[in-house]
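Please see the structure below; I have some questions.
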């Protein structure tokens, strides 16, 4: 299947590090769907959540510069990471409204700003640009029987009026995508709670508490797994899961997928190409049980490549 | 107590068109507060800035005003709901027209002065008076008023000059 | 008296006149438009274009002050204009159609009331006509009995010659005096041929027949079809060499002001508007009818002349293309 | 080398409007049609009102059809029949005036039958009407025309207008004047206004000068001097430009008819430019309940107010 | 020819200290038209005024200029004096040579020159002044009250008690409004219905009040003193004259499970119903959308059982026209809901609270019905989902109010107090229950209000948590309330049985449509705008229309009642004279010149300009011109500045007067 969609791609730092499988699965999925994805040359860190707490001008300038770089490539800007997405969108919003800050940033960059580029999260590209119908049509192996807890986290839709991805407090975009690829979604309470994000190193106690509530809610709602669109959420929910289970003497065993991994599975991409082996909570038992993966692969799981 | 009065060679004529509810009352307050400002301004009272026709400004310049001030209630304070909003649009356009025909807009001031802003009235009037004083007399309209059509003129300075050059 | 003046001497003549303090009025470019205006130097004269307005304003200005007043207390001071202070003027380069209109105006301004403003200027002005060598299809001087070399109204008449210079012919003492005042610049007439005259295309009107029809047709449906399109501006009257209506207004305040005389036009709605609110010419066709009637009937009734010299200005400049020549031609074809 | 303007479609347009006028007069759709007819001088055209189907053959469209006929529908022209629906031949620029007149309660759409002209341009001046239409003789308004093809008419001939890209003279001239000092601009306009003879041709041809009594004809009080002296002339043209601000859609008739060649439309274009910049308003595109100077928003610019 | 008299006041020394008043009198005496000029120590004193009056008589003066203080000070004084001397008061003007001259300049020469010019300007102006006769407008002494809540009831009763007829229009089948729904009222805990229903009965029985319930205002024409109002009486399907209010129809109606709006849709009612037992009028109405007869054409039980034969299925909407002189608008409020709002709406819903999908999250008004003895639970606090008594209850304040990000930035004013009341009612009824309140800050200005609030904490054991709630979710049969306690700096989670939201007060739906019918202005939330926020708080800018109650902004009951009485007082002031007298500073149209472009009408903020057709004797339309209604015109003059041909003139500020002043300079 080919089509006319083309994007410049801003992977962000996490996708070049802890979230390599997100990057891998994104590129593979887009290639499979025939969506053009050109990595922005010379992109650099968006400043993430720390920069704007320290120096607003710096954080705005970082994003403005990245947007300027993106301007050289045809198409809207595709962003995978919720934090990058949030920062780029926020910078566009602030600089579009505030002339004083705009002038400051222009001075810092020594160039007029190019803010017109449309910044889009992968969710938006799949659900709106590609469209749910075309997405559903490209499904080869529907994820029938898989109960997914869609987890948005705090940044994807908030604050109201900035990302404009979906309703800030009651979004449905993830659910729609997951239903389009044949899986079931569960109604649960903690879809939009914060996971603690980058407190993961500085205040692990808080993060464990918050993340536990999320895992608990997903489990209680009957989910088999969790789907995320953010490497920070993924880190806290996946990497920390064993530790949480230990602290709270419980067992969740909820694999945490990136949205591109689940969608990738449904269109028929192989677990290797989706980096499933890199997940700490192994998805293979679940996928085997739900007959979404051949048993033979399970035996070879050790050989599956993780982060490239 | 009062600043030294300096004598000037040129005393500009400044005409102020003001609304009765805000600026006129503000000027009254400047009086009751015994504030001091140049005596060059002559105040014409209107019910509302909405009543002020651009032609009056033109007429004022033609009558020899060196500076014109139009002042009324702050936006939202209009005694007549929206007269000042209409005036704001009208004068935004009219000043552009005057500028285009060659009137120096430094001679035409617009302001919002509320009934409580005696100090602002003094500031606006003083600023305009001193600015216009520095600019010198508004000669454009005055010269125009002295000109007749060529064939009615008996001896124009231009003609005299032309003759002297030959 | 017939003389020759070279182009070079012609320029020298004008400069000399200007230098001696004579007002020299000639076609001149003014902000893109050619008008009869006082020259500051001979070089300013534009000889090859018909000015937008006629030469009448040398005697009958667009607007002139006739008096001023000032009130102090109960005292009123009146100041009159002294016509004796009007300057000596040479009106030069006047087209035959413009010059021919001057005697027409003379008749009006000296008929009953002697208009000293007009007459004093007239006395002090020497009119130098210039033969016409070009015409367009709006020109119709020949149709009203005037030729491109018509000398009526001129004190001195210039005919441009092949190879430059002018043949000058005087038709009055004033003309002769002008030659004599700078006789060194003039030479005896050469044998050089004059440039061919302009040839307006319009056929000669039967003005008697036109008048005869007008005499009988004050009320006629034709007026509506002629002038419904008239928008009621004063362009035709203001550019006409023969129109002479004026208005007198006081301008100023109760304390101080001036009384001025300025051109008026019968096409204006206000022209016959009475103080009562009644307007006898309440529709545009009636006002336009007055224009035709005045030119081809009323003036003839009074002075035995036609109030049109065929300059064609009103035809060229009418905003809505009203063509007086076409109208008169049409009238001349009507059954009387 | 002057670029000539392609007016080859005008004869076909003439035939089309003749046929349409004959039809609408014949079947009683309209009681009269206002259009253009040839006149005596070579190439000339003049406004005409016809009420018989047989007269439809007199209608023409040529580069000399410069007039904005909308003026004949205003109250200033009482002589034109007022009963029934009236047909009118309109160029895109003239149509804008009609749109404005509808917004000002002067006309009703249902009383009009609009015969639109797909116009490639007309002459700047008809002092010599048989002039060939070239980039030099083309009316300046046609150089920046955005309505060669009129919209919303009842009938438009199928021919398509051909309009070459030309330099926008008004825009260029406005920019030139804007770059001058106030004193230089004053000198420019003083020279121009001094020529004015108060013939009021500009007012009389303007579709928006429909006042029963012009402010400038009033003498209680005398707002503007009536004599044609520089002072009164200047005041008159300023008042006129102000009264047309936000209403004038740029038919440029005032400028065309001025016997003294005063560039009056420059003032109107300047005002239009300011209104566009200040209030994002352009006259003549849609029938509006309120013009830019009869409405306001609370957020209007007030940077010029202290 | 005018004979102008000029009087220069010394104002003690206030003017004469810096202005040479004798010289001013001398110099202006020389101006054309001035036949008398003099100076005097105190012009405003009795001798000063007598000097003026005598001079008018003796010098046969026709116009007067008094050069003294600001006209804002003494214009009325001198115009009165001039009137007493037999001149029209508008032939007197003041020249301000005190506030605008002597007080602001020190140099005597400068000040004197300026004073001469100021007086000269007024001399030129007054020559153009015309006699302005006072304007009188006839007043129809009947009034319309729109809205039958406590505001409308109070206003109607006050006006009617004064002997003037009142037409009271209510959209619902019964008057009473929101106050009738309340259980008890703060700060006294009176039973709301006990104090409300007698007033409703008073309205019903008042000989001067005509009550139209189940009716709406359709069209308003006219102006102050002279309105024509068209009222639509919606088809009730029950003849009000025949019905005795016995209620048999309601007991027999087979449709019994229709949610009752009066009970916030918790209680049920029949298809033929009165909203509540004490309704006024006690005449049922058929809810045609739910009535079997109207749905299927079968049933008709009510008609069969109705003794007097009052049920009339054929009844249709009726239009009635009433002439009134004044209108009181008292349309009250509606409650914000946390439901998802339509896309594009400036006001947003509460997605974080599940958009209102959790059944035991209710609003304050629903709690009132639960707590009300006449409510659906008979006054017991029971959960809507399962009828259990909630043992842990959470109240959350400022839902929608003061929430800019939700589109509403104002404070709803009554919620702090009613939430305090709710905690008390809850504690009185559920002794072992615990109430928590999340609040931003408690706003309790009002007599005995703060004491009341403190009682809820100190005596009724409500736990107040300063902080907002971020999220609510259902967990089993509990509602988890996640919030923050900013006083302690911790996140709190409460597992509640029921949550009560203090939702914002909004204007009634359709408030904007009604405002457009009335020609009054409203703010971006659709609350009606008063003419002046401080000095004219109960009047609309549109003359003859007054505001009462929460339609103007959130209000509690005492404030609403006060404002209703104030509006009634304004109406009675208007009705105190047969003719309304107005200052004649109003615009006038010169019809001869008017060309009917209606630019004046477009800029008139008061709707004072109408279109008037001028016809000849045969009735043919000549033209349509503008007409200024002098009863409505406020005299701002914006129309005149806008009119291109100056065919509308503002009396008192005509172009002639102004140009004369400019030319005097």
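Which chain is which? They are A, B, C, D and E, in the order written, and residues in each are numbered from 1.
By our rule, a contact is a pair of C-beta atoms (placed from the backbone, for glycine too) under 8 Å apart; a residue touches a chain by one contact, two chains touch by 3 or more.
Remember, it's a predicted structure, so these values are computed and weren't measured experimentally.
Using the contact threshold fixed earlier, the set of chains in contact with both chain B and chain E is C, D.
Steps from chain B to chain D, taking the shortest chain of touch contacts, total 1. In terms of the distance between Cα centroids, chain E is separated most widely from C.
Remark: among chain pairs C-E and A-E, A-E carries the greater number of C-beta contacts. Distance between Cα centroids is largest for the pairing of chain B with A.
We define each chain's centre as the mean of its Cα atoms; on that basis chain A and chain C are separated by 89 Å. Taking the mean of the C-alpha atoms as each chain's centre, chain A and chain D sit 60 Å apart.
One inter-chain figure worth recording: chain A and chain B are separated by 64 Å, centre to centre, where each centre is the mean of the chain's CA atoms. With each centre defined as the average position of its C-alpha atoms, the distance from chain C to chain D rounds to 31 Å. Contact with two or more other chains is made by residues 62-63 of chain C. Looking at chain D, residues 194, 215, 222-223, 228-229, 293-295 sit in touch with two or more other chains. Pairs of chains meeting the touch criterion are A-E, B-C, B-D, B-E, C-D, C-E, D-E.
Only residues 30-33, 35, 52-53, 62-63, 136-138, 224, 228-229, 231-235, 237-239, 247, 249, 251, 260, 262-263, 265, 268, 270, 283-285, 315-317, 319-323, 325-326, 329 of chain C touch chain D when the two sit together in their complex.
Of all residues in chain B, those touching chain D in their complex are 54-55, 58-59, 62, 75-76, 82, 85-86, 88-105, 109-112, 124, 140-141, 144-145, 147-149. Note for the complex: chain E touches chain C at residues 30-33, 124, 127, 592, 663-664. The touching residues of chain D, counted against chain B in their complex, run 177-178, 182-190, 194, 215, 223-224, 228-231, 234-235, 237-239, 241-242, 245-246, 267, 270-271, 274-275, 278-279, 292-298, 300-302, 304-306. Against chain B, the residues of chain E that register as touching in their complex are 70-72, 96, 98-101, 103-107, 110-111, 113-114, 117-118, 121, 521, 541, 585, 603, 605-606, 634-638, 640-642, 650, 652-653, 655, 658-659, 661-663, 665.
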